[in-house]
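In what follows, chain A forms one complex with chain B and a second complex with chain C.
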Partner chain A sequence: MLRLPRFRFVSPPSIEEAIHIRTEHPATSMYVAGGTDVYPKMKRRQFQPEVVIAIGGLVRDDFRGGTLAPLADTLPSVAEEGPLPLGPLPLGLRIGAGATLTEVAEHPRVREGYRALSIAAGLVSTPQLRNMGTIGGNVCLDTRCNWYDQSLFWRTAEGYCMKTHGDVVCRVATSSPRCLAVASADTVPALIALGAQINVVGPNGARTIDLAECYREDGINYLALEPGEIVTEIVLPPSDGWRSTYLKQRDRNSFDFPIAGVAAAVRMDRGVVTDARVAITALGSRPVRVDASALVGTKLDDEAIGAVADATHKAARPMDNTSGTISQRKRAARVFADRALRSLRDD
Partner chain B sequence: MTDTKTMLTLRVNGDPHTFAAEPHHTLLEVLREELDLTGTKHGCELGECGACTVLADGVPILSCLTLPQQVAHADITTVEGLAKGPQLHPLQTAFAEEGAAQCGYCTPGILLSAKALLDANPRPTRDEIAQAISGNLCRCTGYTAIYEAIEKAAEMSAKAAQRV
Partner chain C sequence: MSELSILGRRLPKVNAWAHLTGSARYADDIRLPRMLYGRLLRSTRPHALIKRIDISRALAYPGVVAVVTGADMPEKMGIMPSTQDETALAVDKVRYVGEPVAGVAALDEDAAYEALSLIDVEYEDLEPIFTIEEALDRDDVKIHDTSKRANVFKEVHLSFGDVEGGFAKADHVREDWFFFEGNTHAPIESHSAVASYDADGKLTLWTSTQVPHYLHREMEKVLGLPRTRIRVIATPNGGAFGGKSDPFGHEFAAALLSMRTKRPVKITLDREEVFYAHRGRHPVKMRIKTGVKKDGEITAVEFQSYLDGGAYASYGIATTYYTGALLTVTYRVPAYKFDGVRVYTNKPPCGPKRGHGTTQPRYAFECQLDKIAMDLGLDPIEYRLRILQPANSRTVNELRVTSMGLGECLRALRDRTSWERKRSERTKGKGIGVAGSAYISGAGLPIYWNDMPHSGAEIRIDRGGGVTVMCGTSEIGQGSDNLLAAIAAEALGVYPEDVHVVSGDTSLTPVDLGSYSSRVTMMAGNATKNAGLKLREQLVTVAAEKLGIPADRVNLAYRKVYDLKDPERSMSFVEAANLAEAKYGTLVGAGSYRPPAGIGGNYKGAGVGPTPAYSYQAAVAEVTVDLETGQLTVDKITTAHDCGRALNPVNVEGQVEGSAYMGYGEIVVEEQIFRGGLHKKPSLLDYKLPTSLDTPKLETILIESVDSEGPYGAKEAGEGPLNPVIPAIANAVYDAIGVRFDETPITAEKILDALGKRDNRGITKDRIGPTGLGDGKADPKRAMRRLEASTEARERKKTQV
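Here is the complex of A and B:
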C-alpha cells in the first residue's frame, strides 16, 4: 500500500495565519488546496513536507455558488446583488483560486466569455480530480518529467535526477545546466491567451502579476513567486469582442497530461482582428506566449494564420522527457495553432 | 513527526462515525481500516484509476487523495450506502443483470460515478456516460456492458418514477 509520509496537517483560519505558518517552516512546509498534485507526489516521496497547510477553503469565496465579482472595487459586489445576467463582461471576471476545475469549466460566464479557459479546465485529468483540484493549484502545477514522475523505488534504482537531488545531472540532457521538466498545466496557456493576471498575497503583502510573467524557464524553480506567496485570485480582463479556444494533445483521450497544448484568443471588430494572443504549454519548462501580431488587421486569413502557426512551431522547444517525440510535438504546435485560429473565424 | 492520533467524526452513508485516526491517513485508509467499509477499493492510490471513488455531498472524489479532515463537514457515500436494506440500487441491479462486472474491482467506483451522473442527469446520452466514468479504469470489460448497465439503470429509475 502506498501511504502518505507522516506530516502535520494544519487548517488555518485565515490567509495571514497560513502565511505565518509557512514562514515559520520555510524549508519543511507546503501549501495544499485540492491536493491532487501534492498528495501523489508526497506518496512517491517527490515532496516530503513535515507541515501541510490547507489553503483551498481560504481562497474560494468569490466563485462559490456561481457568483462573480466586478473588477472595480467601487462597484457593488455581486455577492450582494446575486449572479449577473449573461452577456459581455465589460468589467472582467475574478475567480477565487480555490474554485474547483469543474466549477470553472462549467460556469456559464466562463463558457460564454472565456471559452478557452472552460475547455482547458474541462480537459484536465478526470471528473473526480476536477472536482477536487483547483484553478489556483493548476496555475501552480509542478513540472513533469519521465525521470521525475516515477515511484521512489524506480528513482532510487536509477540514481534520481537534478529535480530532487541537486548534485545529480539532468537525466534528459546530461550537460544541461538546468532541469528540463515540462510545464504541464492546461489552464495556464488559456489564461495567458485571455490576458489573465493573478493576485497573490505573501509575507511582504499583496501584489498583482501578469500570469505570463509568473513562470521561469527552469523545471525546478518554475514559479516566479516569492517564498510563502499564495495565489488568491485569477483576474480576467473584459471579454467583449474576444473569442478563444484551446487544443490539447495527450496520450489517452479519456485523461492525461498534455504533451502539446495551444490556446488562442482573438478580439474581433466587424470581422477584423484588433488583438490576438496565442500561448503554448507542455512544449518547454514554461508556458510561452507566442507573437500573434501578424493576425492584427486581418480577417484571420490563411497567410496570417500560417505566420502565427510558424511562430508557434518556433516557440515550441520540447525535450525527450514526456510522451511523444520531439518532432511530433513540435509539429503538433504548428498544426494546433493553425486549427485553433481557423476555428475562431466568423464562419 | 508526531504519531498523535486525531479524533474525527465523519458522516458516512447517513451515519456519524467517530474514530481516532493518524493525521497522514487518507479517507480511503480510514474507510477501510477504521470503519471496516472495505467496498471502497485500493487501486493505484495516486489518483489515476478511480477504484477508490466515493461521493462527498454527491460529488465524485478520490478517497486515496483526500484527507478525512478535508471532508469532515460532508456527507460521504460509499458503495455500501447504495442499497437500502435488501433493496439494491437500480445501478446495482442493472450491473448484475447486464454482466457489467468481470473481476469487479473497479465496480464500486464506477457505481458511485454513475450514481452522481444519474442524480444530476437522469437520462444521459452514451457520450455523457462515457465522460462521467472517464476517470474509472476498467481493464476487463471494454466498457460496453457498463454503458448498457447505466442506461438500463436510468430506464429502471424512470419507470419507477412513473409508477410513483
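Here is the complex of A and C:
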C-alpha cells in the first residue's frame, strides 16, 4: 500500500500552543483532527507537511460526557442538570468542532431539531470514517477534483495541475484563471441552511463568522479563514419552527463524496413559511446559498417550490471533474431542491 | 454408485475460519528473515521509446540494495506461448502508463519508494493509440512491430453451415451494434510475491497466482534458471477473478532481485498498480445479425467483434475466439459466421475476467433476442424455451453439449419471480427482464500443446486415518480446497475435516493447469475422485477379506467400512487403512484427468470453446428507474443455475451470488476508462465497485442436471452466472422505460439523455448505443497535443526549481 511520508506529529496541550506551533511553521505545518482526509492525501503526496498538529481533542468542547450542548451561557449545562427534555431548542445548539460525524449524526438533539445536519453527517463516506472524521474537519474539507485527487505517480504522468503547481494550467478548463476543484462537504450545505455560525480562534484572537461567508469561489484558497485559525465550535440558532432535510447524489449508497447535494430548511408558522434557506454543495468550488425567499408567505406550494428549484438549478455550476456528468448533476440540483422542499410539507 | 455421504450437503468450507478471521496466510503476510522490500518504477508515458535508464542515483540512496531493469530480463514472455510479446520489465519501449520499467529492493518500503524517483528514465514520446478505430486505421503508428495490418493483434474468421441460405430463409432479420465497456477485477487482495533464492541456488516464489504451473514455465524461461531449481507456491488468493492468471513483472522482478541480493524480496502492488496490472474485461464493439422464422426459430447468425486489447497479448487469442465460440450452445443456430479482431492500444493489457470473452457477446445476443421477441410479439421466456439447444447434441460449430438445463432454469425463474404477473403490470419506471447463458466447465485444451493430463491429484492416507490431497490447483477464494477435500472424503468415506489439502505447489503437488476457465471442479475434481477411488479399492479389498464378505458389499462412509447388507459388520476407517498399508505398503493413490477427445471440431480455432460440459444459467432482474434523476436501481436479481450437481450447495450459491453481484457492477457502475493514456479512476474510491448497500437482493435457484462427464455429476458455478445478469438488467430497463441500452454501463446520464432530460431540447431516444465503428479519424493528434502540454508544463516547472 502507499505509505505516509515522514513527518513530525505534535499533540499540543492547548489551542494556544497549537496556534503557536502552526505560526512557527507557516508553510510546512498542518492541523489534523480525524485525519480521514489529511492522511490519505499525505500518502498521495498532495499534502507534504513536515509538522502535523493534532487539534481534534482540543476542540471537542468543555462539556464532560458530550460533545454537543445547548448554548451554555443561558442554559444549565448537560453535565449539571442531567439530560434535557427533547424538543425545540429555543436557544440553539453548539457543537465542538472535534465531535465525530457519527456523534453528530446520531445525537438525539441534532436529529430532533437539526435534521438536515443529522442526515448529512450520516451520509458522509463510510461508518468507519464517520467514527474518525470530525464535523470541524468536514467544514474545512479540502476541495476535490479528479485531476488532483490522484497519486503522485498519476499526477507526475499527467504533469500536475494548478492546485499543487501554481504555474501549471487548470486541467478541468485550461483557460480558467482559477482552480475549479469542487467543494465536497456534506455537512456544510446543511449547516448553511440551518443558519450556522462558526467560532474560530487564531493568532489574532477569537471571532465568530457566518458559515456561509467562510468559503471562496476558488479551489485553492477555498476557505476564508486567516492562516493558523482553528474552527473550535459550530453554533446553530434556535430550532423552533424549523424543519430541514438534505439530499445527496452519489454513485453508491456508501463511501462516495457528493456529486450534488441540496439542503433545505423552512420555518413554518401555522402552515405558512416564515423563513427559508436552501444551500447546495458539490456543484461549484464553494457551497452556495440559494435565494429561497419565494417560499416565504406560501404554504410550500408547487409554484414557489418550482421557483426555488429553478434558482437552485441556476446556482449550480458543476464542471467535469467529479464522477457523474455536468448535465446529470445540474439536473439533480433542480430535482433535489424540489424533492427536498416537498418533503418538508405538512402531510 | 451408492448414496452420497458428503457431497450435496450444506457443509461449511474447510478453510472458512482461516479466511473469515484473516488468519489465512496470504503472500503479503509472509515475512522472512533478512527480507527486502521491493517496488516497481512504472512508465509515466503511454507510448514512448526508452532512450536511457540511469539507476546510479537510486543505487546510492541509503537503504537501497539492488535495482534491476528490463535489460536484465530481456526474454519475451506471456501466458500464451504463441503470442509472447511482453517482457518482465519494459525493454526499449513502453506501451502504457503504469507499465513496469525497473525494480528496486531496499531495506524498507520507504527507501524503495523514495529510490524510484531517483531512477532517471529518458523517454522519447511516440504518438499513442487509444481507440479501436484508430488502432484499425493507423498504419503509421505501430505499438508492436509484429502487427501486419495497422495495430491488429489477431483476426479470426469462421463460418459454419449455410449462412447466406439461412438469412434467405428468414422471415425477419435484425442487425444491431453493441458496445461493452471495459472493467477490471478489483480483487480485495492486491497482487503480492515473495521470492527467496537460497544458498543452494534454489528459488522459491510465493505468489498470489491462479496459475502456478504456467508461471513455473515462464520463470524458467525469463530467469534462465532450470525449472528443477524453481519452486512456485500459489498462496491463498484474496480474490482473483482472472486477474492473477498471467505471469506478472513484479513476480520476475522479486525473483531476480532475490537472486542478485541473495536475500528474500517481497513486492506487493498498491491498489493503483493493480489497476495497471489489469488483464480485465476487454472493451468490445459488436455487430450481430440474426435471421428468424415467424415463430422465432433462428435461421442464421452473423457476429462480429472488435476487441480493444490494450498494450499486450495476455490471453487475447483465446479471448478473441471466446467472443464467438459460445453463442451457439444455448439456442439452436443452424448457420453461423463469426469474425473477430483484437487490436493493440496504449492502455493496460486486457485479459480474462470472470466469463472470459463470453460476457460481452452474451450481453449483445440476449439483448437482441429480447428485441426479436418484442418484434414477434413473444414473451421473452417463452421465446427462449422454444429455441433451446437440445441436451446431448452438437452445435453448428461442432461443440459437444452433454447435460443442458437452461429450459429448467427459465421455467424455475418464471415460477419463482411471478414473471407473468410482473410482466403484465405496466408501471412506468419499473421493469423486469430475463436472459440466459452458458459457460464452459474448463477449457478443452491446455495453453501449451501437450498430451498430458490437465489435472493430477495424489492422495495419501496416514496411519491415523488422516487423508492428504495434493493437487496443483490454486485456492482463490472460490472454494477449490474445500471441494477437493469433499470429493476425497466422499471417495474414501471420511469427513472433509479429516482431509488436509496441499494445493498449488510445483514441488509438492502434481500439475493442475490452474484455477481459470472454471475448470477446477470438473478437472481437479475428477482427478481427485480417480485418485480416491484407487485407494478405496485397496481399502475395500482388505475389508472384504477381514469381514469375510464379497467386495461389492463393502461400503465406505462416515469413517466406517461396513457391510451394506449388515452395517453392524464393520470396522473403522483407520483399521481398514492400517490393514491396507500392511498389505500394499504406503497408501498413495494418484489420479488424473484429461478432457475426452472429440468434444470439439478440427478446424483452425476449434481449440477454444470445447469443454467436457457446459453449465447453463438464466437470470431475471427487476429494476426501478428514477425518471427525474436517471438513477437506475436494481431491486432484485434471481438467478437459476444448472451446475450439474451441487457438490456443496452453500458454496455453489456463494459463487452464483458473487457472480450476480459482479455482473450488476459491470452494467450499472463499473468502467475502466481513460483520459488520454491515464486511467481515469485508479482507486477503490473512484472505480465504483458496488458496496453492500448497493447490492440488489439476490436469490439463487440451483438446477441439477447431473452431468455424465462431471465428477459426481458436477459442472462449473463460478463464472457462467455472471453472464445473464448483465443483459437481464438491460432488458429490464427496456421494460421499465422503453429504451434499449446497447452499450454499458447504463449511467444516469445516458438514461436522462434517452428520456430527453439531459438538456432543454427534450429530444427523446429509444436506444443508446453505437451505430457502427467510428472512422478513427476524430482528431488523431489530440492525444499527442495533450501529452505535449503536460510535458511543457513539467519542463516549465523544472526550470523554475
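The rule is simple: the second predicted complex is superposed on the first by the 335 of 347 C-alpha atoms of A that agree within 3 Å, B and C clash if a C-alpha of one lies under 4 Å from a C-alpha of the other, contacts with A are read in each partner's own complex, and residues count from 1 in each chain.
Just so it is clear, a contact is a pair of C-beta atoms (placed from the backbone, for glycine too) under 8 Å apart; a residue touches a chain by one contact, two chains touch by 3 or more.
The structure presented is a predicted model; accordingly, all values stated were derived computationally and were not measured.
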First (chain B), second (chain C), both or neither touched by A:L129:
first
Touching A:R8 in the superposition: chain B (first), chain C (second), both, neither?
first
Answer with first, second, both or neither: which of chain B and chain C does A:V335 touch in the superposed model?
second
Between chain B and chain C, which makes contact with more of the residues in chain A?
C
What is the contact status of A:S254 with respect to chain B (first) and chain C (second): first, second, both, or neither?
both
By the touch definition at the top of the document, which applies to A:S244: first (chain B), second (chain C), both, or neither?
neither
If we overlay the two complexes on their shared chain A, which of chain B and chain C does A:T281 touch? Say first, second, both or neither.
neither
Give one of first, second, both or neither to describe whether A:T312 is in contact with chain B, with chain C, with both, or with none.
neither
With both complexes overlaid on chain A, does A:Y39 touch chain B (first), chain C (second), both or neither?
first
Does chain B (first) or chain C (second) touch A:D167, or do both, or does neither?
second
Residues on chain A in contact with chain B in one complex and with chain C in the other?
1-3, 6, 254-255
Contacting residues of chain A [partner chain C, same complex]
1-3, 6, 146, 149-151, 153-154, 156-160, 165, 167-169, 174, 249, 251-256, 323-325, 327-328, 331-332, 335-336
Residue set of chain A touching chain B in the complex reads 1-9, 11, 35-36, 39-40, 43-44, 50, 54, 56, 125-129, 131-132, 254-255
Can you tell me which positions in chain C touch chain A when the two form their complex?
42, 44-45, 97, 109-110, 113, 190, 268, 270-272, 628-631, 669, 677-683, 685-686, 688, 690-694, 747-749, 752, 757-759, 789-794, 796-797, 800
Would you mind writing out the residues of chain B in touch with chain A in their complex?
1-3, 22-26, 29, 42, 45-47, 50, 53, 59-62, 65-67, 69-70, 113, 131-132, 134-135
